[in-house]
Amino acid sequence: MSDTPRRGADAPEIPNQDSSLAVDSPRRTSIAGTRRQFLAGAAAVGAAGAIGFPAIHVKAATTGQVKFGLLEDQSGNFALFGLPKLHATQLAIKEINDGFTLLSGPTGPGGTGKDGAYTELVDVLVQSNDKGILGREVKLISPDPQSDPRMYQQLTKRLGLQDEVDVIMGAFASANREAMRPVIDQMKKMYWYNNQYEGGVADKYTFCTGAVAEQQIIPAMQYCIAKFGKRIYIPAADYNFGQLSAMWTRAMAPLLGGEVVGQEFIPLSVTDFTSTIARIEQAKPDWLMMYITGQNHANFYPQANAAGLKRPMGSSINLAQGYEHKRFAPPALAGMNVAVSYMEEIPTPRNQAFVKRFRAMFPDEPYIQQEAHSAYVATHLYAVACRLAKTTDQNAVMEALESGIGIEAPAGWMFMDPATHHMSQHIRMASCDEKHNITFVQEWPSIEPWWTRRLGVNLVRTPEFKQYTPADDPAFKKFL
Amino acid sequence: MSSPDHAVVSTGRLAQSPHNVFQRLGIDGPLTIFGGPIYWSLFALILIAVVLFPLYGSTFAALNFTNFLINAPVALGLALLWGYCGVLSFGQVAFFGIAGYAYGVMAINWGLGLGTLLAAAGALGLTSLVAAAFGYFLFYGRVSSWIIPVLTLVLTLVLETFLGQTAGLEWRIGQAQLGGFNGMTNIPSLTLGSLTFNGYSLPLFYLVVALIAVILIGLRVLANSHFGHVVMAIQEDAERTELLGYDIRRYQLVVFTIAGFLAGLSGVLYATWGNFIQPSSVGLLAATLPVLWVAIGGRRSLSSVLIGTIALSALSDALAVYSGDLAFVVMGALLLFGMMAAPDGIVITILRSLAKLLVRRPL
Amino acid sequence: MSLLALKGVYRSFGGITAADGIDLTLEAGERRCLIGPNGAGKSTVFKLIMGLLRPDSGSISFAGHEITHEQPFRRVQRGLSMKYQTTRIFPSLTLAQNMFIARSRAGDATALASWAIDKLGLGALRERRAGELSYGQQHWLEMCMALGNGPRVVLMDEPTAGMTPEESRSTATFIRELEGRGIAAIVIEHDMGFVRDLDAPTTVLHQGRVFRQGRMAEIEVDPEVQRIYLGEIHD
Amino acid sequence: MAGDLFNLAYQFLVNVSFLMLAAMGLIIVLGMLNIINLAHGEFIMMGAYTATLSVHAGVPFVVAVVLATIVVGMIGAIVELLIVRRFYANKLNALVATFGLSLILSQGTLLLFGPYLRGVSMPLGGFRVGQFSYATYLLVVAGLAFVLIFALWLLFYRTRLGVDMRATMQNPDMARALGVNTSRIYTFSFALGAALAGLTGALYAPTTTIVPLFGTAFIAPAFITVVIGGGANPLIGALASSSLLSVVSTPLSSQYGTFAGRIGLMLAALVIMRFLPDGLSYYLQAALLRRRKARPESSR
């Protein structure tokens, strides 16, 4: 269980080095090669799959547009996060329709590894020799769910039953994802959740491209314990993400040589943190593991800073998701260290190229955050999978996604794990200074989503439709 | 507060030839604005049109329509409470939520088939009890009427805050996990024999339509009964009514409980429609919606409220789909200018002018 | 033992003392006039009897029951009833509806009510909206409503205020006939002519105290009464 | 020990001032016009936006706060003239209309300024007492809240305008008969309420994130405070209820965590409203009266 951190520790401390990159000419051939192999198997697998889950009205339209359903919040509480995701998807679809794709192929986890002749990729966007998907233009259908779970359910039905889209992506808050999934499973529609979250979703029809607990919490803790000390205090938002992340932290602390000296769960509606700050002072922690979230909780940072609470902070959600370092006047987030799967500031050429394209299309985008990146990659990955499957037929596409396929994302190589429908992530430790500049102080080139696998989840073998919580994991029992 | 009533009764007579069959049945009367042969023939026509809808409309449209219809009971309950009893409650969604969660917990534990029926009954019973208890607290405490909107609002906010923090694993009732902010998932749908009343097939659609027809007629009978007259009297002059020998608190309590029950019915229907219930359904925004439906419809007319509710639900859906991030602006503008143009409610104003065209005044 | 009895009822608002130890009794079927200059506390007495005000001290009993702390509606159900000074009916509802509401299910009062309606000649106006009735008719309607659930005592606060002489005369007759039906009445009145018409035992209130009791004839000539009225006696 | 005491006192002050400032504008509007203004939160939001934008434009923070107050006040005046005054006859409709307004304002802000504005850093830094450190700014805000209450008291009880306002509040017809231009008084009162909301928004802008739904966090506390305070004497009411609520919530939240404080506050609100339905201020006034009347009565 502790092998992930160790692998991370071995990773070279040199910033800017995207260690998942490799000579790209070999990969090109490897794509071609594996494509042939894939097609060979595809038919057989397809047949098997057809028995595996008899799909109802999944009409595989072979002509006309590819209908791409997206539910991201354009208004209400989560518009702050929803709008960048919407724009990222629009960018990806534009690129797909203009005949571009991200480098990709069924080459297994960790990309093609690192060989001697290391060269940095300048950009990962290449010609797809295909206009749209299989020659069909991709049409985006993106109603506004207004951050409202009931609206999510209603619109998911609309996308599935009325618009009969080929794929549904979206949702920011876990609450809204959980509102969608029953509908999704009922309609047997493929659904992508492009968001970092608490983890544990094991659903045959759901693919999660964002980072999960084990991919962010463990590296963040490992870094902070090594750098700041063992005494940890956890201020967490009193809802599912906060509760479960705190559970993870408590469970991992002993393994990483840390000690949780205090925790508090704060309702999402709270805006005044005077008493919280006081309690933190009392506990005298070496550093804080921050799981507070939402626009109300963001108030903690200026308040804590003004109150002179100068303790270093670790987190799995800040900066990358809510871009607090842009929204707050410095030095509110000084001393914040976050394990991120993406940030706009990542200085690699491939990312700078991506940012350039994004800014060209959306000049006044406030910030390109982690979730926007996930949405962008997911959209391209869907196109790639369709091309591998040579059809938009849902079952075939899902087979393709379960074939061990990966993609060169702006952040780095990402691999879709067939067993869990989650992706491996290139994790970086982002550190925020007094002026709110971001530096990347440690890298974990490929952390896999291993936790639900450990619980025996294998969606290829046995389709499931649930979300696991640490309660389902005996190893966590003693920490609950 | 007398000018609206004035309108009420005069139009009421306008729409009715005195002592027709409908009044003898008790479904028409001085305290329901619209009525008479034309009203009921329209009622029948619309009902038939709705029942036959799946024949000419798409299945999805029917399912979507179900989702709008689910809002009707809570709205009609509020119309009775606010329009007839003069008590404005922002807390109806609290009962919606309590019923939804209660149904979820019981249905998950008692399983499919008969279990879900028991769950529905249990949930409605519990909700009515809570409503009665809270109503007792309000009316027998003789809380002054302008505070009640805020008190009820506070009730829902307390509930939301509480439900929002039940993510912890200790919040498990039998098999059911309350689920905190993410809500309670995998709630089984109401099942009766081979029929499953879920959001993907027509049985629920027909169930809801039937329920609403029954509720509308039932409330009309209630409104025109002696009870209804006393309730109306209380709203006009509470002290006078009490000095006629009525325990007005009891009448208010009964109405409040009925409204709570109807809100609960919507909650149960929602849970069985979406197999899901979450704290935001008792949040601030959710809390204001029923008030808006009733206000836009016209709180003195049940029929108008019914139409208003369905229309507004459909509108907000359409806006979400077609106007993207302009939805809230358009909705807001509608409410704002709607109330300025038609203070009694938009729907009722339209219906009145139609009625004037159809029927000429007897006086 | 009398039907209605107030014993040492005291009530003050802030500084003003509205009822200062009032003792008052009323027998079944008795008719009583309550007079006194403005601010003497007449209406306060009614409010205290009906329970719209609670006494600071003292007790009120009705038909052998201690009702000092009972809710107003309970007192009505026991057989107390009141007609307001300024009419309080339901103007937007028809006369029939007003009576429908007034006829609470308690007891069989329908006969009495319909008798009153015919007596006051309101029968023809059943379908008229109460707000459209003449001022006098509205007063009468409220009297009928006050009889709605067969009371044993009716309190009438200036029933003839603003009535034409004929109207007040028939009102007086009406109130007298109540006695015949065994209904006691307390009438607050300024119009001394009307009080004479009623020809009933009269109680004079002054500064929240019972100042005089007796027949109108004696009271009128009482110099003290005249002094406190200071020529308020218009005739 | 002393440190802990100061800590509690500090938290108490911060809570009280938050409740008071949140409620202030609402109280004026509710007390004077009997209008439940659901756009109150958006007025607060606009205050925060005005202040933030002007600070970004290089205006010093203090000036920005004043600016925000004035701007939102003027917006309030316009809203009253164009919208609110049509609803004095039918006040519950105003509630629907103002809700519509709030939707337009918040979503309009999102469309105009995007999902957020870069914040303003909190001025004045912090200080330490015992083992705890505190934000000076929040103390200053607390002080301001009390100054504000006093200023309003002066306005109401020491100026001609105030007299007219109270007259209008108690009996509009009578006031009109006495030659008070009530409709202007109404406009002014609503504008004043809006201005106070704007001020609140501006003052809290540095402590929080500037988003279109900035105001929603203030709504519930504001309404609770106002209702508990009651209409009889808005100022005393605000002072009393915010203090009382803080007395309940402060120890709870510092002992058992913010959630306990939260629930405690709301339950306290329910209980108080149940047993003092006319609002604290009514009972306070009654108590004062009784003490004043005590002498003559006992003398008898």
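In this document, chain identifiers A, B, C and D correspond to the written order of the chains, with residue numbering beginning at 1 in each.
In the analysis below, a contact is a pair of C-beta atoms (placed from the backbone, for glycine too) under 8 Å apart; a residue touches a chain by one contact, two chains touch by 3 or more.
Small disclaimer: the values here were computed from a predicted structure and weren't measured.
> Touching both chain C and chain D: give me those chains, sorted by label.
Touches both chain C and chain D: B.
> Which chain has its C-alpha centroid at the greatest distance from the C-alpha centroid of chain D?
Computed centres place C farthest from chain D.
> Quick one: chain B and chain D, Cα centre-to-centre, how many Å?
Between these chains, centre-to-centre, one finds 33 Å.
> Roughly how far is chain A from chain C, centre to centre by C-alpha average, rounded to an integer in Å?
Chain centres of chain A and chain C, defined by C-alpha means, are spaced 80 Å apart.
> If you average the CA atoms of chain A and of chain B, how many Å lie between those two points?
It comes to 41 Å between the two C-alpha centres.
> Could you give the separation in Å between the centres of chain B and chain C, each centre being the mean of its C-alpha atoms?
Using C-alpha averages as centres, the distance is 43 Å.
> Of all the residues in chain C, which ones touch at least 2 other chains?
none
> Would you please write down the residue numbers of chain D that are in contact with two or more other chains?
Counting only residues that touch two or more other chains, chain D contributes 107, 110, 220, 259, 262.
> Enumerate the residues of chain A that touch no fewer than two other chains.
75-76, 79, 238, 265, 267, 269
> Given the complex with chain A, which residues does chain D contribute to the contact?
Answer in residue numbers: 7, 10-11, 14-15, 18, 107, 110, 114-122, 124-128, 131-138, 206-213, 217, 220, 250, 253-254, 257-259, 261-262.
> Per the contact definition, I'd like the list of chain B residues that touch chain C in the complex.
Residues of chain B touching chain C: 2, 5-6, 8-10, 18, 30, 226, 229-230, 232-233, 236-237, 239-248.
> How about chain A: which of its residues touch chain D in the complex?
Residue list for chain A touching chain D: 75-77, 79-80, 83, 238, 264-267, 269-279, 281-282, 295-296, 298-299, 302-303, 305-309, 324, 326-332, 364, 366.
> Would you mind writing out the residues of chain D in touch with chain B in their complex?
Its residues touching chain B are 34, 36, 38, 83, 86-87, 89-90, 92-97, 99-108, 110-111, 216, 219-220, 223-224, 226-227, 259, 262-263, 266-267, 269-270, 273-275, 277-278.
> Any idea which chain C residues touch chain B in the complex?
50, 52, 71-74, 76-77, 81-82, 84, 88-94, 97, 100-102, 104-106, 127, 129, 131, 145, 148-149
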